[in-house]
Structure formats: C-alpha cells, structure tokens
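Written out below as structure tokens is the structure these notes cover.
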Amino acid sequence: MIGLGKYIASINGKEIELLVISEDTILFNGKEIKFEYSFLKKDVISLRIEGKNYQVSLSDEDSQPEENSYSLDFYSKKYETICRNETDLLIDKFSSGKKDNLQKNNIKSPMPGIILKLNVKVNDAVKKGDILLVLEAMKMENELKSPRDGIIKKISISEKTSVEKNQLLIELE
Amino acid sequence: MIGLGKYIASINGKEIELLVISEDTILFNGKEIKFEYSFLKKDVISLRIEGKNYQVSLSDEDSQPEENSYSLDFYSKKYETICRNETDLLIDKFSSGKKDNLQKNNIKSPMPGIILKLNVKVNDAVKKGDILLVLEAMKMENELKSPRDGIIKKISISEKTSVEKNQLLIELE
Amino acid sequence: MFKKILIANRGEIAVRVITAAKEMGIKTVAVYSDFDKFSMFARIADEAYHLGPSPAAQSYLLGEKIIEIAKRTGCEAIHPGYGFLSERPIFAKLCEDNKIKFIGPSSSAIEFLGSKTNAKDIAVKANVPTVPGMHGALKDLNHAIEVSSQIGFPILLKASAGGGGKGMRVVRELSELESSYRQAKSESLASFGDDSVFIEKYLEEPRHIEFQILADEHGNVVHLGERECSMQRRHQKIIEESPSVILDEKLRKEMGECAKRIALEANYSNAGTVEFILDKNKNFYFLEVNTRLQVEHPVTEVRTGLDLVKEQFKIAFGEKLSVTQEDIIPKGHSIECRICAEDSDNNFMPSTGKIGYIQKILGNGIREDSGVEAGDEISVYYDPMISKLICFAETREAAIEKMSRVLNEYSITGIKTNSGFLLELLNCKEFKSGNYNTQFIEKEFLNRKSESLDQESELAIALSSVLFKNNNVGQSSGKPIIQTKNTEWQKKKFNSYR
Amino acid sequence: MFKKILIANRGEIAVRVITAAKEMGIKTVAVYSDFDKFSMFARIADEAYHLGPSPAAQSYLLGEKIIEIAKRTGCEAIHPGYGFLSERPIFAKLCEDNKIKFIGPSSSAIEFLGSKTNAKDIAVKANVPTVPGMHGALKDLNHAIEVSSQIGFPILLKASAGGGGKGMRVVRELSELESSYRQAKSESLASFGDDSVFIEKYLEEPRHIEFQILADEHGNVVHLGERECSMQRRHQKIIEESPSVILDEKLRKEMGECAKRIALEANYSNAGTVEFILDKNKNFYFLEVNTRLQVEHPVTEVRTGLDLVKEQFKIAFGEKLSVTQEDIIPKGHSIECRICAEDSDNNFMPSTGKIGYIQKILGNGIREDSGVEAGDEISVYYDPMISKLICFAETREAAIEKMSRVLNEYSITGIKTNSGFLLELLNCKEFKSGNYNTQFIEKEFLNRKSESLDQESELAIALSSVLFKNNNVGQSSGKPIIQTKNTEWQKKKFNSYR
C-alpha cells in the first residue's frame, strides 16, 4: 500500500515533486502518469512507468530511513536520495530548523581493518574531501575523506586500533 | 541442533540405521564417522562426510514430515525416505499396528486441470499401477495411477470437474 | 538497422531476441499476459505492454492486438520467436498489410510450406527425395485402404496442417487402419482446425536430421550444417547435437544442397530449417520445412560463431547475407539439453510451483538460454521448457563429459525438472555410441532399471533425512514432529560409546 | 590422465580448475579456510579438507600442509591457480620433492624467471628487445644516480623480486631520485622480503600487451596470440581484450616468435604468459614472464576454442602438445571485465557483506567464470574480484555492445561492485577508439564528469524512493518512519484531481 499525497524526492540534491493519487497513478508536472511495480526482493524494485521498464535497488547499508535518506542503485550507478512525504515536510517546518541537506555527521568504518594514520584532533576544522584518517585493509591503504566541511566533534579511535565494519570512528559537529 | 540417538532411515524401502553421537559424529556399521553440513537454503543441504561432498535437496511438496516421510533429490534423482528417531519407533510399537510401509491413501491432483475420464467407483478394488483417472492439463492427457493395491474409499470429483493443484481427488482404504 | 521492434513471445526465446536486439542498439517492446507481468523477459525489454489474461489464446495468440501495440509504440518489425503465432500465415499477412516487417519468411511462403502436401511438391520440383507416399489429402476410408495397400504397411497417417506429432498414427496392418484413421482426423481437427490427413511410408528406426538455412531477400541462401534431433519423446525433441555421428562429408554436402534447393524453390527468406528423415540404410527423405527460428538454433550458433537472431534482423532489414557458403566452417561438437519443468519419475507430468533455489555452474564452453530465475513461478499455461543448456567442445566425448558435469551440479528446488533424466540419457551406452533413433526413448530407455546406490551415497541420503527431520523443515503440513531434547543424560550415554 | 588432483586455491579460479578436471573424469580435492568452509568451490569438489583460519597466511599459503593433504588423499598433482603459491619456487620444489606433479613450470624455471634481472638476461640471450636499463640490482644511491643519468630521465625504479606495481616508482628528475629510491626499497622489502631494486627507462603512454604460451615437456611450444591489458588502475588489470587494436599481423607474428624463443631459452613448460610493453611508436620491449595461468586466460580460450586448464593437465601428465602453431587460428574479438566487490564512487574501497540478489542475463557469446552466488559472504581476507565476464563476438564493436548489454542488466545487492564503472569505461570514446594506455584511467578517466540523468530516469528514481519509503524497507536502523494511513478523506481529496 502506498501512502497517497505529495512527496518531495531529492536526487543528489535535485528536488522532484510528485503526487501519488492512486495505487497506480501519480501526478507529475501536471500530467497523470500510470505505473506498475513489483518488489523482486525487499531491496529490488522492477518499475514500469507508462510502459517504460526500470530496475532500482536499495543499498540497505548506506540508507538511513529514519532520516528519510535512501541510497539507490540505478543501472550500477549510485544516487543519494531523500524522500519526504507531507508529514515529514510538516515536521521539518516546525523542527529546530534542521538544515535541509543531508546531515552526514558520523563517519563509520566501511570494513574491518586497522587505523594506520589519524590526521585530525577534536575541534579541528575540516573541508569536504580532507583525508581524516588512513585505514589499512587487505594490504591496501584506504583514505577516509570528510563528506563535508565541519568541525571534528568526537574521535572514538586512535592509531593502531583495529576496527569492525560500520564501527563509528569520527563524529562531525 | 541435532537430536542425538538412534535413527532408522529407509530409502526407497531399504533400511539404514545410524547413531548420532555428537554435533559432528555418527556411528554407522560400528565405525565413527565425522561429518559437517550447512543449510544453503531451508530445503538444500551441503553435506560433507569424512571429506566427501554431497548435496541433497528436499521436495517440500511431496514430503509429509508428520508421517516422517521426506522426498529427497540426490543429484537430480528422487528418493522417498522415511526417517524415524527413537521416539517414533516407540510410538510405532504401541500404535494400532500401523503398517510399516508408507501409507499412500490420498491421491491429490499434481496440478490444475480438468478430469477427462474417471475409471473407478467407490469400493472398487484396484491394483498398484491401475489408471484411476485421466487429468487433462495443457492439451496433454495425464493418467493418474494407483500408488498401491487397495479399495476406493471416497471419490470427491466427477468427470468434467476442474481441479486445483494438490486438491484431494480419491481416497483409498 | 531497425530502431524499434516488438517481440511477440515469452520466456527464454523472448529473452534471447530482446538481448540480441539490445546488442544491436535496437529498442525492444515486449508484450505480456497477466501471468508474465514481471517475468524476466517483460522486465528487461525497454518497454512492455499488457496483452490479456494468462491463457495463450487470450494473450500471445491475439494477432490484431499485438499489431495494434506495435503501431502505437512505433515498432518497425515484429519477431514471432517459435510456437504461438510464428507459423500462422494470417499473422504474417496482418504484419504485411500494416507495413510492419514480419521477421521471418513471407506469409505466402509460410502458408505454402505449412501444408505437408504442398511442401512435398516443392521437394519433388527441387528433385529432393521424399518419403514414398501419396499426393494430396485422403478423401475417405476406402481411399486410405487403397493407398496403404499400394505403398505397403507399415504406413504413417499424418495431419496435412501441422507437425509436432499431433494427428499422427502408425498403422502396421490393415485391421488397425480404420480406428487410427478416425483418431488421426479428430486429433488433427482439434490441434489445427483442419482434419485433412494423408499417408506416407513408415520408416523403421528413423533418424531425424535437420539443416539450418539462412536466405536473404535477394536470392542468396546458405546452409549452416545439420542438427541431429533423433532423441525425442512423444515427438518432442529432448537432446539435439551437431554434427550427427552418422553423416559423412559427402552425405552432409548432398543434404545441405537439397535444403538450399528447397528454400530457393519455395522463394523462402530469413531463417528456416529443412527437416529430413533417414532410414537404417542412410537413405534420406525430405520431411518438412519449419518456417521459423527453432528452439535448438544455439547448437548451430556455438559451432559456427554466427548469431542467427542478429542475422534474422539484418535479412528482415533488407541486407544481403554477410556470409557465403565457404565462410561457414562449423567447428567442434555441440549438444543442447532442454530443461523442462516435469516429473520424469511420474510419467513426465508437468510440474508447477515457485522456484526456490537454482544452482548451476556454467563456465568454459557452456551457454544457458533461460527465461526464469529463482523466485519465479512456473505455471500450466505455457510450455514446460524453462531453459536450454548448450555445450561446446572439441570432440563429442568432451562435449558429453562437459554437459554431464553441468547436469550433475545442476540443482533446483520448488519444481521438479528432467535434469536427472537428461544426465542418465547422456550417459547411456546407446547415446555414447551415437546409435539411437527417434524411438529409442519410448522403446528402450524408459524401461531401463535404475542403477543401485553405492553405500556412501546411501549414508549421505540417510543422514540428510535426519538433518531435515531435525531442521523441522517439513513443518509446513500439519502434525508437529516429536523432537527429542538432548538431555544431559542422553549426551552422557552416547559419550560412553567413544 | 591423472586420477586425482588437489586444487590449492579458492574462489573463481578454483571453480574453473575443479570443473575442468571433473570434465576429464579427474577426481578433485579442494582445501579451504574457515571462511570458505561451504564456499562454492569447496562444495563442488569431490572432496574438501580444512586448512586453517581465514587469513591466507594461515591457510592457502601453508605449502607443507597442502602437500600433506595431497599425500593423505592420494592426489597425483596440484594445480596452484594464480596468486597464493602459484609463483613461489619453494612450493613447486616441495611438490617435486614429494613426487607430486606441480601443474606449471619447474621450480627452477619459476625461480629463474621470478627475478626481473635474470628474466632480462634470458630475453637478451633470446635476442628479444628489452627496456633500456641496467644489469643486476642497484648497489646504493650513487649507483642509482650514475645509472639514471646514463639512461636519461624519466626512469622507473623496480623491485627485482616481484611485479603487480609493488616497489615501483617513476622518477622524472634527479631531485626526486633519493626519496623514490628509499620508498621503492622499503615497499619491495615489505611485499617480497627482498629489497633489491633496479632502474629501467620509463616509457611514456606505454601499452601492456602479453602473449599466451603453451609449452610441453618435450620441447614443443606454441603461442596463442596476444591479450591487450592496458586498461589498468594501480597496476591492476580491469579490462582485457584480444586482439589488440594496435598490432598488425607482422608485429603480432614477430612478438609471438619472441615469446616462444624466451620460453625455449628458459626451458619453460606448461602455460605461461610473456608480457611486453609498447611505446608510442609501437616499439615493443620484453617486460616479464608470468609463470602461471593468468586471470585473463579466458580471453584467449574463447577466440581459439582451446581449454587452457585442460591443456595444462595434459602437459603436466607428460603428453605432447595436441596443437601446432598452424592449428591455432584465433577468431573474432573477445573482451573480459573483472567484476570486483569495491565502491568505485568511494575511491574503490573494498566492499564486504552478504550478497542478497544477483541478476545477470548471459546468453549467446557471454561466459562468466564466477566463484560466488546469491547468499555468499564477501570478506576482506581475499582479493576483491568475485567473477569475470568474458564476451565473444565477430567484431570489436559487436563485443563492446554485447558486454555493455550484459553490464547494463547486471544488478547485485548486499555489496557494491564496479559494474557501473566498467560500463562507463567500455563506452568512453578512448576505449571505443582503442587508443588508451596503462595511464588512461588514473590520468584522465577518473576525473570525468558523470553524465546527467534524463528526466524519465529521474522520475523513475524519485518514484522508487517513494516505493521503498512506503515498503518500510529501511526499518533496519532505529526510529520508526511516520506512515500516513490513506484515510477515506484523503482518497476523496485526490480523486478530485482526476
């Protein structure tokens, strides 16, 4: 069952508004558009819009549904999307003016490995793309870069500590 | 977790006794045999006995666990097995002398179709292999034969009735 | 090349044609029945549109509706696949009338070659040997008696309007003629809407060998070698291979030339197959022309390196043949096995249900054309064939070993398939020696006794039943299984065995 | 032929060798680490035995233990695959000492050709052009300064004891020499336990072309044509193809002969690869010999129809080569793409996790060598390559179209793969025109800007996010999503839009 009503979906920052008016019809740019879909798996959708076929899958790992953020894979390319329905829009209006764009605060380890080099201390100011630390895994050195400009709020690892996959490493303000 | 103790497994009628003495060891023909296994799917087992690899899958449809009967697929060939543990053996001893071999009473429709010809009436005596009825499906005529000698107890269909998959058609005494 | 085409079929052949078109930058439009709404072929086409309810008669056989969708979506051509509308002249005519290219021969060629008797005339004109028989259809029972005594028993009663074993009866003596005559006519009427039948000499231990032909619309034609299709059950092919063990170079060349002469005589274009029948003494006779791409076309593709579906697109687009007869040098040996959803232990009853798990390890020299994947439903609405395994190797022995390895590792849950039957068939001495004919399965193979299990395999099956029992997998139906808990006492007791 | 062999490897190459052996009736024994207990390769071998914990150093690299298992289970030979022990002379020696046939060259040939400097001597003796450089290893920094000024910058510092880009530094001016010299020595020590380095001329825009050779133990050797391997990132090959667009028949013949001369000079036997480097003016220089079967061997198999693994078995069993140079006529064009579990949007960080769903539609002319299936875990213990897609077509354009179609339909959940990156790479103008070199990816391709989405695709992604949101799929982490119920009121409200 799909919740009827307005949705605003932002794809890599670009906003798209659509109105779900029934189980198989949406209103988009003033036009009624028919669609059908089937969940091949809980994280894979086969979607048909006005006869045109699409297949989209969800990367569970990178999605944070509680923050309305869904990381989608569209023909092997990744798209960060935020999808808000009318209720979310209301909440955003009255909440503490949470900044609109996707708030990437936590930097988690993408896989098990060992911290080779830590380049930052708490309260350091960092720019998007700065190398925060170097993680060694499988004889390869992987640099973890800052997803945005910000201030280092908390660091929960030090050099030489070994980390698990998805373990929280650094938090930004 | 595997229940320890004695098991008697009959394969297409041939009886094999084995004793499960731990999570990875059985006693068979007086010899201790090591084994490992993994359920690839709930109905597919990858089994390794003393290093030798086997793969066995279960046909849910034809198995009747409540009657300890498991229809197994071993390298694309089917084996009807009955597997009883010590408790089952006790029950059999005291129960109403239920005949030992597999009691195929119910003849169910293997697939949706239409009854083309019904060759038997209630109380007819039939031999194993007699053609009880002809089921028409996909422009093909499929004869349903009697699984064993017996007497027709109940017939729940008549000619021209269309049937669903697994629908009960005929019951033998 | 065409910009957009419609695929009027489903399952593995639809996937085959769609992928070939996409590889040539051609946009693809699929049509689907209710059942096939999100089947693999309907998902991977660029566009897909609904035809009707699941039964073929209300969906894949609706010629007008398919044409209407093709026009609405701007398709320049329609590929019919095999079965369904592929050999119906009316559909090809409908395409021609609506200026949509039918990817296949002309409607007149389909119509003409569709009738066994006409096809026979063409063969005679192309001086290709035909099975001793009569001309035209039988008028009545007396006519049947007259002709059969002339040709001499055993004779074969055949439906003029169709093949695939429908409306066919072998008659060994005069006494059986009347009942077989009636049955043949009624079955032919039921299957093809035309009850005309004719009589032919019945050949003992016949082998069925067919030649793939490719003809463009400019009078050029080539043959791509033979396919041996004698491994059949109820006239349905199960295993096809190429080359045939019994053809030598001379006979192959002669039969190939006959196939080409027939194509030219019938003004045939696009892909087609000329079927021959060989008797015990390797005399060959023309049988019929299949005016479509066949299920077993990959057997020829892996030996010649040609993509027949793409050649069909080029021919239909008006291009000249890109190969001459000299360019075609088939290499090595190939075998195709048709994987069908049927229970070979239960009279090949079609098997339906949801596919749970498929394990198949292909690798070097193995190709699979499939239309299903794990999670898909198999229904009674359509043909039970779900996929084809095609192997290529340098020698026939290597090809048999390779296919056996794949079938041995092949495992599927949720439905039954004939993979075990195919594995046994491949390794029986008749197949290995190559001397089998179209009656081998029904006459001999079906009453083979099954090999006994070695002790180690027996133990493996027994132990598996214990594991499944403990895993309560069989919970699905009714009474709870009594599960003994491993009490401390029990564990102690068994340790004493150590 | 061997009755039983042990496969000392894992993943896709283990599956490749096991299936090839089974197809020749050879019994197969697999060895596995904790992680691989029920991995595909360990399941399909006839027998499988435990080696040790998951890290390679405690399992797949334990030569003695592998030999012990081989002896215990009666294996007559061991196939090392690639990587792991395949190029360690000590392991080959261990096999020889224990009378177990090492399926590959002799331990002395491995040892000799393993050192870059020795290999260079062989090339000189076989009068094959080598990259201008020095002889033997550098004694100290001054020696390095002397040699580099002699050859002239830019120069390349290389580790004697190994390849794959480890211990390698490009030095464009004298000022950079000291730091690069130190780094090269330390990295080489870390990777190969030997810090000796030497200097070679650094070639601009180099292309990496290798020749597959097959040599039996009776002095016969053939080459099976070239593989173009210039599409690399951090010295790891990503796409290989054959034939190379820049070789003409003359150059191909000349380089092929050079490869054979080197094999003979080095008394090489079994399968091997002679790597060359070409500069902008198509001058070729010998680079090194890979004394093993390579990841990209299928590229050669699909063009020649030969099964290189089976040829390896025959050669190791002492048989003469079954083909002469004249028999080898590579046909058509083939491309291989290495599917790796890595995040190409995040600096190619290895991706781990459980594979949920794999959709791959292969079909005509596509082969996949894979070691994983849906449900399998991908870990950091081993190489991130999970499978290889190899396509064959008559022309290069058709091969690119075919591979693009497969990659476009390829979809996998649970881990990230480079399939999207491969698709873009295949269709960039440099690859399509064929003029790319080993530096193309890092120098140009990585800073390409991504194409913008068309409006229809944008809508599809937006609508999918709505569907996922409603399907509460993302429940896995924390706070419940607020779900609006479709009250009657709401439904009425929207109907007014109609």
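Read from first to last, the chains carry the letters A, B, C and D; within each, the first residue is number 1.
Everything below uses one rule, namely that a residue touches a chain if its C-beta (ideal position, glycine included) is under 8 Å from a C-beta of that chain, and two chains touch if they have at least 3 such contacts.
All values derive from a computational prediction rather than experimental measurement.
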item: Chain whose Cα centroid lies at the greatest distance from that of chain C; value: A
item: Computed distance of Cα centres, chain C from chain A, in Å; value: 48
item: Whole-Å gap separating chain B and chain C, where each centre is the average of the chain's CA atoms; value: 32
item: Computed distance of Cα centres, chain D from chain C, in Å; value: 39
item: Where chain D touches two or more other chains at once, by residue number; value: 44, 359, 408
item: Junction residues of chain B, two or more chains touched; value: 40-41, 52, 55
item: Pairs of chains, among all present, that meet the touch criterion; value: A-C, A-D, B-C, B-D, C-D
item: Residue numbers on chain D that touch chain A, as the complex places them; value: 343, 345-347, 349-353, 356-357, 359, 380-382, 384, 407-408, 410-411, 413-414, 416-417, 419-421, 423, 450, 453, 456-486, 490-491, 494-495, 497-498
item: Complex contacts: residues of chain D adjacent to chain B; value: 37-38, 42-49, 73, 375
item: Residue ranges of chain B touching chain C (in the complex, touch as defined); value: 1-5, 7, 9, 11, 14, 16, 18-22, 26-28, 32-33, 35, 37, 39-45, 47, 49, 52, 54-61, 63-66, 68, 70, 72-79, 81-83, 85-88, 91, 110-113, 137-140, 142-143, 145, 165
item: Interfacial residue positions of chain C with respect to chain D in the complex; value: 15-16, 19-20, 22-25, 40, 44, 298, 301, 305, 307, 309, 331-332, 359, 361-369, 373-374, 392-394, 398, 401-402, 405, 408-409
item: Contacting residues of chain B [partner chain D, same complex]; value: 36, 38, 40-41, 46, 48, 51-53, 55
